[in-house]
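Take a look at the structures listed below.
Paired with subunit B in one complex and with subunit C in the other, subunit A is shared by the two complexes that follow.
Then we have the complex of A and B:
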């Protein structure tokens, strides 16, 4: 947990369906040099290859509005895709990140977006495909 | 192991690995002194995977922390020329420091144009495998001890398991640190995730 920022999702929820609204509260205590606070809704990949990042929405609070400490509500409607997934070579993770500009001190909190509410495991899909292929051959 | 948990995931390596001048028995003050003496127009040389890009990442952070305006351009075999947006960014370069990673990818005419456009830049550092048009700031030589330090830093919990493979991978990749870190990724990718 960052000493400067916190992100709290309503009802402590961290698993969401596509199209659902993610809402909660952010709090911050920033140095006087901060000019603005940005809250970014985005997804990113990690793994063996080059990282991809997609910023979906963001909100900005100017420092004159925020002061050095503050607390704000947020709510974003999640898009239909991409889903959160993970395999051995690539994962896609959704996150909310608070950034203090210009020094870019930040804090992020991950969450899951998928039709089941659970991260999709690519290895499970691969195993399922293999099982159905073997079943076809066997039948 | 899930990709997002792999300590050798590319994004994590880029985030955590910082170039340390003591790896090549120097320090930042000496490097910056040489940079100034060479009128801030230099080449960084070294083979594939010798740490040039990692050096540039760290160098860029140092420059931006001193409020320098840095333009970073990365070229490779797939992207061998600057985009129109990048050419545009080189306009009026007097207050900009330009870092070009992979200068030898440019063809003859683009290279000429690049040096012409950047001749008034506040600073210019290009990376190449071999000596180029500009004087050499540093030559990075692959060193297995640096690889060892990187693996310890990135994955201390897995180091004892990976260490026996490192000399072989080092030989097989001709001293390409980046390639060996990907080999480490592959080994851990096949490790079951902890519950």
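Then we have the complex of A and C:
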């Protein structure tokens, strides 16, 4: 846990459904040099592939407003997709990240977005007729 | 039983086209075969010549013996691709045009041409994860099938050249990820149609489709 920042989700929830509102409170204690505080709602990939990041929404509080310490409420409506998932080569994680600019000191908290509220596990679901090795090469 | 209702997405039927063309695969094999065998002509020629001259070059002879048969195999594959061009083609139509988790979708299939020549006709629904990464100066991609389901498997096509089936993927299975694409990573879905004529290898045509997430109205 960062001593500079905290992110608390309402009711301690970390599992959400698409279209649901994610809300909570952020607190910070930053050096006077901080010019603004940014809260980013985003997803990122991890695994074999090059990392992709998608920033969905963000909120900024200017330094004149924030001071060196502060506490703010936030609420974001989650989009339909992408879902949180974990596969063999790709995993996708949703997170909220609080960043102090310009030094970019940050803290993030992960959460799950899916229709069940649980991360989608890309297990091998196979119900296929057997194919011979030469057919696989051929195809 | 409560009838499931479609979300307000495109409800129109859509005829889907195969991702890779048979003719393209044939010409790719012709080009690859020409390049490979064009290169292999030289070691084979110099190998034979060295033996005829009584000064056998063992290294070149070894290369010719090792890599020469691969050229023959490619010529064989090239002819198989040529035969595949004459396999009956198919038309697939989805209604609605894209699949949405939790909403039934109708798939109409039609075999164009002489369906009775096929000894087996199979349609699979396949889900793939594909990740791209840099290796040196190249961009490499890896693919893994995470879902594979037989939708239809017919072994006697004497009477059937058309048909329909329903694709109904559960919204809350916790194991299905809809189509998704970012710069280097993607989840792809496809219908693989495998058709086999007697005494010929089977031919698989891939039709890439879109599977939408559950609609929330956002």
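Odds and ends about this structure:
Here is the rule we go by: the second predicted complex is superposed on the first by the 123 of 139 C-alpha atoms of A that agree within 3 Å, B and C clash if a C-alpha of one lies under 4 Å from a C-alpha of the other, contacts with A are read in each partner's own complex, and residues count from 1 in each chain.
The rule we apply is simple: a contact is a pair of C-beta atoms (placed from the backbone, for glycine too) under 8 Å apart; a residue touches a chain by one contact, two chains touch by 3 or more.
Since we're looking at a predicted model, the values are computed, not measured.
Looking at the shared chain after the overlay, A:21 reaches neither subunit B nor subunit C. Of the two partner chains placed around the shared chain by superposition, neither subunit B nor subunit C is touched by A:60.
In the superposition on chain A, A:118 makes contact with subunit C only, while subunit B stays out of contact range.
Touching more residues of subunit A than its counterpart among subunit B and subunit C is C. In the superposition on chain A, contact is made by A:88 with both subunit B and subunit C. In the superposition on chain A, A:48 makes contact with both subunit B and subunit C. When the two structures are aligned on the shared chain, A:80 is found in touch with subunit C, with no touch to subunit B.
Overlap of the subunit B and subunit C contact sets on subunit A: residues 45, 47-51, 87-90.
Contacts from subunit A toward subunit C in the complex involve residues 17-19, 45, 47-52, 54, 77-83, 85, 87-90, 92, 114-116, 118, 120-129, 131, 134-135, 138-139. The touching residues of subunit A, when paired with subunit B in their complex, are 44-51, 86-91, 93. Residues 1-4, 6, 9-12, 14, 182, 185-186, 189-190 of subunit B touch subunit A in their complex. Considering their complex, residues 77, 80, 101, 122, 124, 127, 129-134, 142, 144-150, 153, 171-172, 174-178, 180, 182-185, 187, 194, 201-204, 213-218 of subunit C touch subunit A.
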